[in-house]
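The two complexes that follow have subunit A in common; it is paired with subunit B in the first and with subunit C in the second.
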Partner chain A sequence: MHLKLTKYDIIAQYRQGFYLVYGIITVIYIFILFSVPVEARQVVTAYFIVSDTSILGMVFVGAMVLLEKQQIILQSLFITPLKLTDYLWSKVVSLTVIAVLVSSFIGFVPGGMLSNWWLMLIAVLLSSVFFTFLGLGIAARVSTLNGYIAGIVLGGSIAGFPIAGYFFFHDLSLIFPVNAAIELMVVQPEKLGILNGTMCVLSLFIWCFIGYAFAKKQFEKSVIRY
Partner chain B sequence: MANYSQLIKSDFRNIGRDPMLMMASIAPVLLILVALFVFTLVSGLTEKHLNFPLAQYFTFGYIFLIIIAPMLLGMVYGFILLDERDGGMIGYISITPLGKSGYLMVRMLVPIIFSFLFCMMFFLLTGFHDFLNFLQLGILALIIATEAPMMLLFLGAFAGNKVEGIAISKGFGILLMTLVLDYFFRGDWRILLSISPLWWIERGVMNPQYIYPYLFGGAIVHFIFIFLLYKKFIRRVG
Partner chain C sequence: MKEKKLEAEHSSFRFVLALSSHSIQLNMIKVRNLSYTYAGQSSPTIRDISFQVDNAEIFGFLGPSGAGKSTTQKILTGVLKNYEGSVVLKGEEISKISKHFYNNIGVAFEFPNFYLKFTAIENLQLFASFYNCEKYDAEMLLKKVGLWDDRNLKVEAYSKGMRMRLNFIRAVLHQPKLLFLDEPTSGLDPTNARILKDFILELREKGTTIFLTTHNMTDADELCDRIAFMVEGQLPLIDEPENLKLKYGKKTLKVKYQSGESSVLEEFDLKGLGTNNEFLKILDEKEIETIHTQEATLEDIFIKITGKKLV
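And then the complex of A and B:
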């Protein structure tokens, strides 16, 4: 891990307004969550986290990579001693910081996630890592912003589609990342059980690894061998 | 006009190449299908299982869906504009006979025309002509269609590059939120939401007896926004 690179990524994201935009979005989510009845708050919070704040890395990383491609930064970056894995992890870590911060605010201020707080943090952390890697892999392949958005809509739908299985083949469906993240966030820790809990975390870990391998391969194929 | 047609023609060729443009061209059809079939299907389910039919919310749901299409088109064209600007394309186009303003005109006009046609089709298929006449529908469709250039100009005026463009487009969802706040909450404070151009559209359709005042107000708010954003955009492109 290259801490300096991560630091500069965070500074760049701050300057490009990520923190401002998500600050506003967080306030709105908190406002909405306070108006949701207490008994439904946890589920609605989980919905906001799964549909937006835990996957924000996927949305933003593509634009960052495309801009760097267009400004010929990437091509120059990889003739320096910097390793590809450092570059990828720096993007993932810097964006996961925002994801965890924002999710914590909307999860803890209105209180929907207080009973599941550490499970939520694990779910957000691992989902964000997986989806940002997925975004990186897609960004390596495309050359326009619209191409990227279409790619993540497709990739996100494929990753999110098994959500339907959550209601029909509940236990089996936990091998999919979105389902595992939902399980960790909406089931109370004492009801979750060690087996189910471990399976969810393990499944998310494996997806992160798959995402990492995908991103690395796509970069090696489309960006580095120019 | 010959100059415009060249760019419009190449734009149509772009639809085949740009996957998002392709998706944005399919999206209106999907939105109409959702309005016609998914709404009744879901309402049937909630009525059967929860004894809670959703039919009373249909008109509001329709407005929500109608507005998505021009916003999406505006965003897609806005992203094309950002890509072209980041790549220095606008500089090249500005020295052709088309010029910078001609370029912008085409970028704005194409999504307006698409959005207008979509809105009219949506209105007729979902039965808006039962409570609004054709003149009112036409004006309403025109106002809604101008959401597209508004999104495009907003991106062009405030986004320094495509990364900022993505950040800003995340914020567009907030605009749609004003509709939800206005519809589901009560109180005089909602008048503050009138700063959102979408508020006027929703109010007009939900209160058809006052449609003209709301259309008038909506047209003015849209015009002011587009005028200010256009000014800012032109200053930015230099």
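And then the complex of A and C:
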């Protein structure tokens, strides 16, 4: 990983106001969570966290890549010794940092509703990594914001499939990243069990790998060899 | 006896090695029968071109828009890989280079691109971190192009001319052996254009090979050791600017002088000019306004060869 580029990406996100937007959204989420009945608060919190890390992460990474495309900066980046892998991980790590910060606030400020901080951390890290890679891959293919939004609606619908499945086809639904992440966050570690927990983590890992391969392929095809 | 034989073999091996490395060093770029067709297009954009660029040479690449100059540069910088023919840079086929090879290449695109929310110095520091080779001091570079005082200004506040200068120093920051410049003086005032052109010549003196793409005939004339004209994907002509100007120019001289109330313009053959009485008489008796030999300009040559104007 290229530490300097990661640092610059974090600074760029700060200067472009991403942290402000995340801050406002976090406050709104926390207010909403306080108004949700206590018995439903745990699932809603988990859902907010996953949607926050996935949807916002995807939107922001898309905005960053489209901006870099618009400023033709990518053209200059990829005729240096900088590796594509370093570029992709820099975006993923920088956005995952915000996702973890925001999730920690949302997950624990409104009353410590989530089961375990470590399990939440794993869920947020892995789902953020996957959805950011997915966003990177989609952003590499498109050139307009409208095209990108259409792409993430389609990509997000497939990858984030049917959160409803979590309630109706629970075990089967855990192969999808959103459901696996929610499971890790809401079920108590002793109830989750090693097998179930491992399956969720493994599922998220596989999705991260798929996301990475997708992003790398799309950049190689549409950005580097334009 | 055996030791002597071994020593002789070693010395001949060293000689061959020295010869081969010398020949590699002579050509920084060697292009043979290069053709390129974009996906979805039936006819090639680049059509069977061959040329070479020597070490520490400034090679001008001229031609109208859409001629294939940018495509050629993209191939030479390793951006486009599925070409036909051979493109060897510093002894390596460009389609097979590793990322590490980019330590040798610097590129300044026609349209400067930066992280606009970062300052000039931040942009330079970030790009410097991508290279693992010896670099120029950013302070020296910024001072050289007159941007030191504005180093902490975000690039979004920079004018076109300031961005062009920053674009140039970013391309040379890592002391590349091969530098690609696309319209480097575009948008610069004459003073800053002069500073940049002097810098380009200084880099050539230090051994940098420069591939200069431009529409600017004055720059090409002033900077290039050789120039190539690209038209419709082909290179009909490659030569030194001076040779071309003499070859395609008229061997005459025009004198403009005062005669009574008006100016008179006369043209004389250069052959036997020193003994041409009419010419000598004008020099002796008239008030001369201008005298010009009639060698061709690069633009004249371009139009003559291709039938197209530079756009």
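The working rule: the second predicted complex is superposed on the first by the 217 of 226 C-alpha atoms of A that agree within 3 Å, B and C clash if a C-alpha of one lies under 4 Å from a C-alpha of the other, contacts with A are read in each partner's own complex, and residues count from 1 in each chain.
The rule we apply is simple: a contact is a pair of C-beta atoms (placed from the backbone, for glycine too) under 8 Å apart; a residue touches a chain by one contact, two chains touch by 3 or more.
These figures come from a predicted structure and were not determined experimentally.
Participant: With both complexes overlaid on chain A, does A:2 touch subunit B (first), subunit C (second), both or neither?
Facilitator: Second partner only, subunit C.
Participant: Looking at the overlay, what does A:25 touch: subunit B (first), subunit C (second), both, or neither?
Facilitator: first
Participant: Of the partners subunit B and subunit C, which touch A:188 in the superposed model: first, second, both, neither?
Facilitator: A:188: touches no partner chain.
Participant: Using the touch definition from the top, say if A:146 reaches subunit B (first), subunit C (second), both or neither.
Facilitator: It touches subunit B, and subunit C stays clear.
Participant: Classify the contacts of A:64 with the two partner chains as first (subunit B alone), second (subunit C alone), both, or neither.
Facilitator: After superposing on A, A:64 lies in contact with subunit B but is clear of subunit C.
Participant: So, A:75: does it touch subunit B (first), subunit C (second), both, or neither?
Facilitator: Second partner only, subunit C.
Participant: Per the contact definition in the header, classify A:16: touching subunit B only (first), subunit C only (second), both, or neither.
Facilitator: A:16: touches subunit B and subunit C.
Participant: After superposition on the shared chain, which partner residues are touched by A:198: those of subunit B (first), subunit C (second), both, or neither?
Facilitator: After superposition on chain A, A:198 lies in contact with neither partner.
Participant: For A:51, using the defined touch cut-off, is the partner it touches subunit B, subunit C, both, or neither? Pick first, second, both or neither.
Facilitator: Neither partner.
Participant: On subunit A, which stretch or stretches are contacted by subunit B in one complex as well as by subunit C in the other?
Facilitator: Common to the two interfaces on subunit A: residues 16.
Participant: In the complex of these two chains, what residues of subunit A are touching subunit C?
Facilitator: Those residues of subunit A that touch subunit C are 2, 4-5, 8, 11-12, 15-16, 71-73, 75-83, 224-226.
Participant: In their shared complex, at which residues does subunit B touch subunit A?
Facilitator: Touch list, subunit B to subunit A: 18-23, 76, 79-80, 82-83, 86-87, 160-168, 170-171, 173-174, 177.
Participant: Looking at the complex, which residues from subunit C come into contact with subunit A?
Facilitator: Touching subunit A from subunit C are residues 77-81, 99-103, 105, 107, 109, 111, 113-118, 122, 125-127, 129-132, 170.
Participant: Which positions of subunit A touch subunit B when the two form their complex?
Facilitator: 16-18, 20-22, 24-25, 28, 56, 59-60, 62-64, 66-67, 70, 144-147, 149-151, 153
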